[in-house]
Amino acid sequence: MAVLTLLARRLAAALVLLGVLSALTFGLLAASPGGPEQVLLGSRPSTAETRAAIRAEYHLDDPFPVRYARWLGDAVRGDFGVSIYSREPVTDVIADRMPVTASLAGYALLLTVAVGVPLGLVAAMRRGGALDQGITLAALVTLAIPPFALSILLLYGFAVALGWFPVFGAGETPLDRIVHLTLPAIALAGAQTAMVVRQMRAAALDLAGQDFLTFARARGLPRRRIWLGYALRNAALPVLTVGGLLLAANLTGSLFVEQAFGLHGLGALLIGAIGQKDIPVVQALVLLGGAIVVAVNLLIDLAYLAVDPRVRHGAVTS
Amino acid sequence: MRGVLVTVLALAAVAAVAGSWLAPYDPAAQDLALGAAGPSAAHWLGTDDLGRDVLSRLLAGAGSALFWPVLVALGTTALSTSLGLLAGYRLGWVDALMMRIIDLAIAMPGMLVLIVVVGVLGGGYGWAVLAMAVLFTPGDIRVVRSLTLAQRGLAYAEAARTLGLRPARVMFRHLLPNLAPTVVANALLSFVAALVSLAGLSFLGIGLPAGTPDWGLMVEENRGLLDLNPWAALAPVILITLVATAATLLGDRLFETLSEGGAR
Amino acid sequence: GSAQRGGGAGRDTLVWASGAAPNSLDIAHGFNGASTTIQMAVLDTMVTLDDRGVPAPALAASWTQPDPASYEFTLREGVKFTDGSALTADDAAYSLRRHLDPAVASQAASYFTTVKKVEAVGADKVRVTLNRPNPAFLAVAAVAWQVVPRKLAEAHPKDLGSPEVGTIGTGPFKVVKFSLTSGTVLERNDAYWGPKPALRRIEIKSITDAETLRMAVRSGEVDGTDGLNARDARKWTGLPGVTTFFYPSNNIAYLTMAVGAGPLKDVHVRWAIAHAVDRAALTNLMTAGHGGPATAMLPRPQLTAVYGDAVPAFPDQPLDLAAAKAELAKSAYPDGFTLSVPYATGGDSATVMQAVAADLAKIGIKIVLEPNPGDKYMARMMAHDRLGIQYVSLTYGTPDPIEVLPDMISRGAAEPQGFNFSGYGSADLDARLDTFASATGEARKTQLTGLLTEIAEQVPYVPLFYTDNAVALSDRFTATFGTWRFNYLTLVRPASGS
Amino acid sequence: MTLLDVGGLTVTGRHLIVDGVDLNVSRGETVGLVGESGSGKSLTARAVAGLLPKGLTATGSVTLSGRELLGARERLLRSVRGSQVALLMQDPFAMLNPLRTAGAHVAESLPRLPRAARRAEVLRRLAEVGIADPSVAGRHPFQLSGGMRQRVALAAALARDPELLIADEPTTALDATTQHEILMLLRGVQRARGMGVLLITHDLRVAFELCDRVSVMYAGRIVESGPGSGVAGAPAHPYTSGLLAALPSVTVTLPRLEAVPGSVPHAEDVTDVCAFAARCGQAEPECGQARPPLRELSPGRRTACLYEVRPRPRTAPPALAPDAAPAGGTLLRVEELRKEYGGHVALGGVSLDVGAGESVGVVGESGSGKTTLARCVLGLATPDGGRVELAGLDVTPGARAARREGAHRLVQCVFQDPSTSLNPALTVGAMLAEAAAQGRAEGRPSVAELLDLVGLPTAYASRRPRALSGGERQRVAIARALAVRPALLICDEPTASLDVSVQAHVLELLRTIRRELGTALLFITHDLAVVRQIADRTMVLFRGEVVESGETARVLDAPAHDYTRRLLASVPPTP
């Protein structure tokens, strides 16, 4: 029941969000100087007839609301137009790029969780010790390095100087892809891992002061149960929220990383599309970004629902 | 540790204020014949491809590298604190409306929108800085609001209301000081995020005019020189990282100190 | 050490990287370096240029010029498209005609504005009728008259050459794969009518980040690239196992000064600026010795095409700050002025304008740099919006000055969307351009000298430098490049030693 | 046979906290450890279970069934915890994992069992603590009341049949009736199992009612121990005697509540002297020279006082007629006040009157709507229906904002929780000055006058709340409320979280103020003994309804309503 109302509420909110987002970007792009003519014509002299033909084809002379309504009508039917730059349907362009970004984001998330959670817990356990200080400081520094700089450093260090990893590309076979995406994923995961470490540490410390943990120990529960059933599970809640936000942030983070590692993912696509005034692509990407954030938030809510009975029974809202 | 922290930030502040005077060379002075060269007695951190002194540019750039993030942090903090206090204290329709808008804003792919806005509209830093402040604010409003909500239910706040004090006085004199640890820590986090993000924008070629001695821009402009003079790109990266680390650490420390100080 | 070397493939497979992603295999929508490089390997043009830039037979085995304004081409016999169908005169004629159709919105349309009619006359003959004589027509055709099957082009008026449709040609290579993300793969066309290409397979990637590209070449993951800039020569020539080839390009970099209004309207100001800019240093910075200072407002190959080795000396404004200040003193702005100058972020214009700004500061002219995203800058330039001092670098396709000069000094090109960013022009100049267009022999030389001298005296433009083209190749490959050889993928061959 | 033997236990953190505690508990015996807040009771308990918070260390000896636990390896401790010694903590709301069901808490504590048997065993264990409804096993803590949670926690603590149960204030967070039930349950289980129980409490009455032996703790050490009845009847330490005197009685109205002056020192500061000397009425120079040993008076009876304790004069009943009858007319009139929170009725039509200068008590268990009533009168909550009239002025909140203008000069409030009642960011002086400025200009009291009124030194003006003890904070809160010279002071359980001695102080202060300033009181409490001391009239609130009201003596001595009788029955007898 709670699930259904939640889903319904989220869906409505998502529609509003996507509507606002699309109108906003559409308006922005329409208002910005220069139009698709320039892209279509290249940086060469053009004839007046050609320009007129293009304006007609792309309905550039229609008033803004009409253009937006047309776009919206098509979008609702799943037609996001044709890329001005490559003349492919936008959906194809995006579908083509999606696997790279998705694997990159997934890989990075995996690294984040696999490294961040244990490190955070260890730091909390050894609170104040050398290990804790080391981990905390390392997290701080990682958090402070701009992601693009981290990309460059990794690229130089591990791909060029040491030659352990390839310099660019996403690889073709699955194994190849893992090898190719390792450095980008590390670059992407760096700051997030640091966030998770901090969050996990704080959550675990907070937890350590809780009565129910002391009570669990007082009952002589085995260590494994205390760690898994109590520490990890209860600390998971705050970490989950951060994790979700990070997943959404992957989207933007991948922009820098893809750029630096020469990956043809969605981030590089966006940068390119902005530079080329490829409005249909930019528009679709922004919407996709919005949809992903909405979806991630929904996932977090569902996860809360699964983990926290208080939310499940509507006692509190997350 | 604390000494290092304070030293780093103090040096950064000095560089930000007096960097242009301290610079051994005119940061814009070119020596095209010299081009990019490694560190030497004349140029401690070498030169970039236009033969400009890297150290001088770092010093001169400290101002812009730090000023804008500070501006973002101040703007964000002022805005989010007052709006968050208002929503959390007033509740009612003000709160409901604000929360709806914030829900919406938070669900936006923020950085993406920022890049599209600044990238497409072009224009300079002003837009980037403004957009960033707008981006950071909703999350902070939410935090301040929830803290306000918690504080307003406490006995001292109810006592203040019972005394018939004006709402503004209750909010700013009674509640605000008790939110200080979070507000201060958040302000520093905003500063760090802005510092790193603005550098990122420069990296994408969005923002400041070419040749401006700015740390983020220097990384972008000089990263092709890693073989000729690595310091031209590495030094600004190191500086950004150092300042950001110190600021985060300071935020953590301040949060602890302030919340201990206010502990009941 | 390196993770991978040359993609690990055989020695007749080349892994090539371009600095930008190709977007279309149809020149009508992909008239840009990365795309045209592939088009040239896959599609044949009717005519081509020989090493000296003189039109030579390609798909057209020969041609005649029945009158100054018309051409009649005779097709080579037995040429087949890679899908097996035979090349017809109809295909050839349609391939040119489509550029004239506004509905196609061809990027090459402006190349063919003088073409009135294209028709197939008989099975192997194509006749092109022009509005007026155009000595540059054949050179232009060598670049843009790429021949595709009419059937295919007609079936895809909107998306010929897109990744979904691709293209079919008669060229030395055929397209096996064309993707904007994972790259392009070409394979040898074994039925090619000309000399058999040395490479069996070419894999083309795109790496937009110049540094990443360089590291990819350095690590051996990529065998060759044209995505480098002569000014970065120092960084490239040091790479082990890589040879960088430099060869003259048909290009010129210059400053334009909008003469319509403001300080730049004053010829003394323009002289002062020309005297103040340290062109030698700038040339050195931007070309690193692989190019040279420009002495006239034409690409060097075009000067050579007209004058041979006897290029006359044009009036010049050498670096001379005293002279610059003296000129400025004569102007209405003896104490200098401030000018806001837009530039495109992330390109050469940023570097050049910084150097120019530093030079001009010495005589009291303050340049405020105004960054713009590339597309916005382009849009603003093309709209002739607030023009001032701008850096322009252009590369041309043909050896004929008539491709360049009208763009620079005709009044028609001074309108928005034209390339005359200085706005310099007059009725008299337009008339002289017209006579020059159809002049031949010594008259042609004299007229050109007259035009270039006027530009040099009035200084609407300050010619800066020429840059060589650069190609980096792994030592496993070699090639002989030339200014007029646009199909350089076909020039690359395995090095004999490796 | 001795089950637990604690000898010379000290706990040190940054300072010395527990200083040489000796304790022993035998099988089948309940031992009480009483003492004021901060005296080190909890840390003693946690030291015994080997669960001291990080940063604290214990020395001395703790033996359980002859096995030394102090300094033992964590491995050994883990095997001992749960199966030999179990710990039950104070706050039932924080003790259970919010993410696990009640049944899971019990089940995970049980020794290994097959699945089906385990479920049956869980139900059996829950039934043992009085939870007969099997569906409770499937509920999560947030779905259970405080009492239920404490029962579940008890079942979980007992799941491995420990020989010793340490219960650290297991009922403090519960309301009177539930408290009583849980204590009775504890006693029942203890008897049935023959367990040893170490019961930690600050409530002397609970200790004396429930325990075989009682140890009184002060500033980290034991100052007196002996059989419950013996200590209650003839305290052998002036501190114990002081505590007993401060205890309000539910049966009589005492003329004067005797508070022990001063506050508990840090253990660190009094290692070599009698810890109580500074506050002791019969201290001699000798008390400040050496630390008095815990000497044996008679077998099983020990005291740390060098002298015999002088008996305190205790006024015999009937003590005092209620204070002079109220002058003037009605000050506060509440009519049919109603308030719902999302369908839950907090107030279901409450009416009451308070005359000028009168003191009215409102009693009721937790959740009965006492605070809601106060908040509605104060304008902090908007009622759904009914009227509030102050001195003839309609001040019903929400009706028209302007009407409440000036209401703050008529009514002020003292809240329950001393830890949040003062703004931690402001000094006492700033707080009081600000409050005084809200009152009428003529006769505006100065900060010094206000501090003097509540018996605090003027120097306190520059202190911040964190430098004040709980009782001092409540006194500042009272001063702040009085700063505007209100006609009515609402006190919402102002002493509920204070120690008896401090409570006596605050209650006495309120009585004085009422007498001297003529301020009317609306005193909210769940403690019948307190209401006996302070209220002329009392009304009993039950689930948002007034079930009984009248003269305090009448209500308490001859309760008419069943609920009132239940409340009275759950109050432990005052020794």
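Letters A, B, C and D mark the chains as written, and numbering starts fresh at 1 in each.
Here is the rule we use: a contact is a pair of C-beta atoms (placed from the backbone, for glycine too) under 8 Å apart; a residue touches a chain by one contact, two chains touch by 3 or more.
Just so it is clear, the model here is predicted, and its values are computed rather than measured.
By number of C-beta pairs in contact, A-C leads over the other of A-D and A-C.
A straight line joining the Cα centres of chain A and chain D is 51 Å long.
Centre-to-centre separation of chain A and chain C, using mean CA positions: 40 Å. Chain geometry summary: the mean Cα position of chain B and that of chain D are 48 Å apart. The mean-CA centres of chain C and chain D are about 89 angstrom from one another, to the nearest whole unit. Residue positions of chain A touching 2 or more other chains, listed in rising order: 32-33, 152, 156, 259, 274-275. Touching two or more other chains at once are residues 211, 373, 376 of chain C. The set of chain B residues touching two or more other chains comprises 119-120, 122, 223, 226. Interface note: chains touch in the pairs A-B, A-C, A-D, B-C, B-D.
Against chain A, in their complex, chain D makes its touches with residues 46, 49, 51, 53-54, 78-83, 86-87, 89, 91, 94-101, 108-109, 140, 142-143, 153, 156-157, 159-160. Per the touch definition, chain C reaches chain B in the complex via residues 210-211, 214, 232, 234-235, 238, 278, 281-282, 284-285, 343, 345-346, 350-351, 353-355, 357-358, 369-373, 376.
Residues 127, 208-212, 214-223, 225, 229-230, 233-234, 307-310, 313, 315 of chain A touch chain D in their complex. Chain C makes touch with chain A in their complex at residues 1-4, 21, 23-24, 29, 31-32, 102-103, 105-110, 113, 158-159, 161-164, 179-182, 205-209, 211-213, 215-216, 218-219, 221, 373-376, 378-380, 382, 407, 413, 417-419. For chain D in complex with chain B, the residues that touch the partner chain are 375, 378-380, 406-409, 411-413, 415-417, 419-426, 434-435, 438, 465-466, 477, 480-481, 484.
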